[in-house]
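Both complexes shown next keep subunit A, but they swap its partner, so subunit B is in the first and subunit C is in the second.
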Partner chain A sequence: MAENNEKAPLLKVEHLTKEFPAESGVFGGRFAKRVVSAVNDVSFEIHEGETFGLVGESGCGKSTTGRTIMRLSKPTSGKVFFQGRDVAAMNKKELKAMRREMQFIFQDPYASLNPRMTIGEIVSEPMTIHGIGTKEERIERVRELLDVVGLNPEHINRYPHEFSGGQRQRIGIARAFVLRPKLIICDEPVSALDVSIQAQVLNLLKELQNKFGTAYLFIAHDLSVVQHISDRVAVMYLGKMVELSDWKTLYTEPHHPYTQSLLSAVPVPDPDIQKSRKRIILAGDPPSPIDPPSGCRFHTRCPIAQEICSKETPEWKQVERGHYCACHFAQKFPIKETHIDL
Partner chain B sequence: MAKKHNDYVDLKEKPIPEGRHLLEVDDLKMFFHTEDGIVHAVNGVSYTLDRGETLGVVGESGSGKSVTAMTLMGLIDMPPGKIEGGNAYYRGESLLEMTEEQMQHIRGNDIAMIFQDPMTSLNPVYKIGRQLGEGLRLHRGYTKKQALERSIELLRLVGIPNPEKRVNEYPHQFSGGMRQRVMIAMALACDPDILIADEPTTALDVTIQAQIIELMQEMQQKNGNAIIMITHDLGVVADMADKIMVMYAGRPVEFGTADEIFYESRHPYTWGLIRSIPEQAIDEKKPLTPIHGNPPSLVNLPSGCPFAPRCPYAVDVCHEKEPEHIITETGHYSACHFADDPAFLKFAPDTSRSRGKIATGTPDTLATSAEGSEA
Partner chain C sequence: MLYPSPTQRVGMEAKADASVPHNASGETSRTLWGDAWKRLRKNKLAIIAAAWIVFVALVAITADLWAPQLLGSPTAADTTAMATSSLLPPSLEHPFGTDVTGRDILVRVIYGARISLTIGLLATAISTVIGLVMGALAAYYGGIWDTIIMRAADIFLAFPYVLFVLCLIAALGQSITNVFIAIGILGWPSIARVFRSAILSVKENDYVDAARAMGASDARIIARHIFPNSVASIVVYATMNIGSAILTEASISFLGMGVQPPNPSWGIMIQDGQAYLMTAPWLMIMPGLAILSTVLAFTLLGDGLRDALDVKMKDA
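This part shows the complex of A and B:
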């Protein structure tokens, strides 16, 4: 857990910003005047063996954050330190070495496995790329790992189409773990799966973490899933991080009005709770990340917005130890019995 | 396209025969005959529905929840599909025995459907207004102008700002949530008796999902229509449904009121679903209790109870004999051999009610435990 604050963090993200050109022209949009502000000034740390959850709605920049950390795309500005070294400044060789320690699990278990490769080839490919072990050793390791993730090692020569969605996600997980990385970025790893299978995969991720001590950056839109797996959780809205704290505080004492409304919008599988609780229903859609709203990016939908919110960008400040929030009116208690009309 | 027949009497104007329900599905069976064998897609589905009620149909992908609805709407190609038994009655008339022409009057007019993906279920080359007005012109014989006016009203009703302008726009100019609102407006255009919503919020973000659910409930209160809500999300049915049917491998394994399903469930599959969901805001993190294995193929169904291979409580009889529906006086049924065995029902999961901590919306504080997680 996050108690080892004195130790240098495994991953440190400082003022990360990623912008994409909003139009593509002859020069690939290099001279575009308008940009999509996908991630804006995001900072956080991940410690060894910790699960850091990143939640938000589609288009909030959570996946871009993950991809930029791994340098699948280059940050516009800001720094990403992995084991003390700046990822943005790495050359190709250094990047390759870094990716031995940092792996990725993708959302879609159908699209992320090459249909022409056997699962043995898929899972051992990272070892082949990094030149680890002899062929026999690799096969041995793959068989071992298949067993760990709950697949039959005898199926090593089968192809992805012979497996169900949940089993495919297990293959993707085995591939991510084969190099024993320090950090795995999980981008919506269970959102394509059925509930009963989802629970299997979540338990597996937890087991593997206990076994190998891997840290996770867990990106998802489903709050209950993130809460279940994470030690600390950050909430993003329109490219900005709005709140960060340990999982329990975030769910019991959310400060930011967006976090509060997000939590209240999640349907709880319990009719009594559902009928008795108060809900904050946000009006409208999230605005476009091209020309995002001035000041606080949430002010256009915020039920407690004041004049200042549209003018000044709220500061990212610590409200309690380890609990950060970006709101001019960050407060502990839920918004008063609000029910905003659509 | 069928023309509006002026002598045609809307079925929804017809009173429901005494002692009957708005919609009665009785042991409906629909199988697909494919090269690989017979797919038992809908296997003995029964339920009743009245006006103003909401039925939640829950199940995992491939459990037959959508196919059941599409069978009722006559949207399944026959062949490969074939009705193998049972019937479905709408206001006392069999939906399965209607001609295609009669069904065209039913679809959109009496029973309307909202689909999961608002991106693909609107035609990208027609203006919103034209698509919205199509049903009105077809079923009600509205002129172009009347249909456009009504479309604007409908858009306003579902909370789309500036409807006079938006009615002349194309689907790509709308966001996902807005498109789903358009779909709802379209489904409600002819004031249907039954609204079938097939995973209407699955493609949407939670804050937008909350808006859409709220909108559907509001519309239901206004119009008194019945809703069939098909979803994989138990949270959504807890929010909306009066009755719930849980489906597994083409079969309804449990049916009852929302309270019966959540607090007095009598089927181990329902228990498994409830246990699979991460509990929100608890003091201690426990590993989830997943259902082991994968759902069976609908071609080679296991003998006996289809859930037996994954059921932690299965005994010999479960693998040998297919369970009958065991029905209580309230109509709550469960397809489990042990559904009326009090000793067996003790295995049911703890729910907030059985733990005696009816929630207030804030997290419970009953469980005492060290803070943080086990990780």
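This part shows the complex of A and C:
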């Protein structure tokens, strides 16, 4: 699916940068000198019907990337094109039209549903906002969609607090799908759920994608979750994208040392392999995004860092067809063993 | 098929599901207030408090129709009564006893309830309206508005409240109207704070972002998401505020700056009774009990409402 490059991409992100003021102060931080560099110069494309995985540690800017694309916050610089139109330059009306085609699934199934609204009201709200159908048609569609996501349509008049976390996430998914959007940004949709429920929700997302041909921007901090669902995967570290490839290549031949260390940390469900395998353990915590390290942002923790790494920012270059990496030594030190069960 | 029209889109998916009527489940659609009432009913203390408030209000409203005939005028000061029935202890004829001028204390407490409840409600209404506007402005527009409004609120709160009310009444001139205007105007800062923080915490929720991501207008986000989720705290706070406004009025009247004799106010009655604390304690005790029970009732009702309006509480 990733190969249909002849068509224009559904979403194109170009040099996206988002900074937040690091101080609040009397003027709400408007004149703060220090900034948190949450997202720095991130570029990628998502094609129709594709699942694009975005992984990284917490605080690496993956959620901010998603929110900025959705224009829940404004980018500091860079451009986001959705269906060829610049999201940042849209006026209210265009933005509303775009939001019919782009939806969001939130991480926290408790905070993302209004406790004062019934399930029916929540799921039909996008239709209400965009003035789609009559009241009866909306109810019909909500019932149908609740059925599709595995909930009892009879529960349409219940409130969110009467459901479990997994069920609530299904409600959030139903809401995201009700307008049949072209793209859904899933911000860690399963990380708040039990592992047993995670698989169910992931399968549901896959099923819905097959049914409706929706593209996903799938944000997660768990490589095994992303592997389960993605066509292509990008890895972020401290606001920068370090590697991007189709998932199979990324999981078998990672080029960036950070990706390699992440992969070596994925648990293997086989005690023998688990014991014998070599793990790459990174020293310390990620540095603060206020004053990020110079040069390559990963050099402070990188096992193969050399002098150049702290001086020059590595270029984002194609190492193989469709495989991008930002590392000075990308091809020179491949670590072969990764143990993801393909 | 790239951009199907809205009707087409619905039509495409409107599969034949007509065999199931919409409310086949038998579940009635429920509203916020309906649910809250259900939960409130289970709270005995709150129901007793509400019943007491309703009782006091009914007695106060209908007082003109029966009280003077039964118990005599609340304000009259005729010399014959003074001579024959001054400072009588509670009896069948005068259940709460009589005061120094021979007036029945029960009828004065009943008429005092009129003043207290009116002041409680009107002053709270004034505070709430000002507080809501200020709190909403501060939370909504944030930045410089937030700073100005909240610092102003801090300054208001820095003054001793009763003293501030006294000063304002002195400036406005002494009258019942000015008493509740003063109490009402000076009550806004705490309500503004409560409402501001309620809005701010609701604004942080993902469902507000979700609504924005759907393309909802600001008006819709406020009306459907922020207001319903922050109004509960205001209802609760306003209810309790009625109690404290009644208390403030009593203090002001006790200090002689509020309602003026011969009008009966609970505060004035306590002040009148002060001199007879040892010889005729009912002069103070009866209006004191009236204040205690009414203020307590508003507080308990507020507590009950807070629990009832919290959707996360199980109906059990």
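The definition used in the following text is that the second predicted complex is superposed on the first by the 331 of 342 C-alpha atoms of A that agree within 3 Å, B and C clash if a C-alpha of one lies under 4 Å from a C-alpha of the other, contacts with A are read in each partner's own complex, and residues count from 1 in each chain.
Following the convention adopted for this analysis, contacts are C-beta pairs under 8 Å (C-beta built on N, C-alpha and C of every residue); 3 or more make two chains touch, one makes a residue touch a chain.
Just so it is clear, the structure is predicted and the values come from calculations on it, not from any experiment.
K.L.:
Consider subunit A as the common anchor and indicate whether subunit B and subunit C clash or fit when overlaid.
P.N.:
Verdict on subunit A: subunit B and subunit C fit.
K.L.:
Once the shared chain is lined up, is A:M117 touching subunit B (first), subunit C (second), both, or neither of them?
P.N.:
second
K.L.:
Report for A:S276: first if it touches subunit B alone, second if subunit C alone, otherwise both or neither.
P.N.:
The answer is first: A:S276 touches subunit B but not subunit C.
K.L.:
After the superposition on A, what does A:R99 contact: first (subunit B), second (subunit C), both or neither?
P.N.:
A:R99: touches subunit C, not subunit B.
K.L.:
After the superposition on A, what does A:E14 contact: first (subunit B), second (subunit C), both or neither?
P.N.:
After superposing on A, A:E14 lies clear of both subunit B and subunit C.
K.L.:
Considering only touches as defined above, state whether A:A265 meets subunit B (first), subunit C (second), both or neither.
P.N.:
first
K.L.:
Look at A:E48 in the shared chain and tell me whether it touches subunit B only, subunit C only, both, or neither; answer first, second, both or neither.
P.N.:
Neither subunit B nor subunit C is touched by A:E48.
K.L.:
Under the superposition described above, what is the C-alpha centre angle at subunit A formed with subunit B and subunit C, rounded in steps of 10 degrees?
P.N.:
Between the subunit B and subunit C centres, as viewed from subunit A, the angle is 80 degrees.
K.L.:
Where does A:E253 make contact in the superposed view: on subunit B (first), on subunit C (second), on both, or on neither?
P.N.:
neither
K.L.:
Quick check on the superposed model: minimum Cα to Cα separation from subunit B to subunit C, whole Å please.
P.N.:
Shortest inter-chain C-alpha distance (subunit B to subunit C): 8 Å.
K.L.:
Just to be sure I follow: which residues of subunit A are touched by subunit B in one complex and then by subunit C in the other one?
P.N.:
After superposing on chain A, no subunit A residue contacts both subunit B and subunit C.
K.L.:
Report the residues of subunit C in contact with subunit A in the complex, numbered from low to high.
P.N.:
Contact set of subunit C toward subunit A: 6-7, 9-10, 13-15, 17, 20, 22, 24-25, 27-30, 32, 142-144, 147, 205-207, 209-217, 220, 224-225, 228-229, 311-312.
K.L.:
For subunit B, which residues are in contact with subunit A within the complex?
P.N.:
The touching residues are 60-61, 159, 175, 177-178, 205-211, 213-215, 232-236, 238-239, 258-259, 262, 272-281, 283, 285, 287-292, 294-295, 351-353, 358-363, 371-373, 375.
K.L.:
Given the complex with subunit B, which residues does subunit A contribute to the contact?
P.N.:
Going through subunit A, the ones touching subunit B are 1, 49-51, 57-58, 164, 166-167, 194-200, 202-203, 206, 209-210, 221, 223-225, 227-228, 231, 246-248, 251-252, 261-262, 264-274, 276-279, 281-283, 285-286, 342.
K.L.:
Taking the touch rule as given, give the residues of subunit A at its contact with subunit C in the complex, in rising order.
P.N.:
26-28, 67, 70, 72, 95-96, 99-100, 102-104, 106-108, 111-118, 125-126, 129-133, 136-141, 143-144, 153-159, 161, 172, 175, 180
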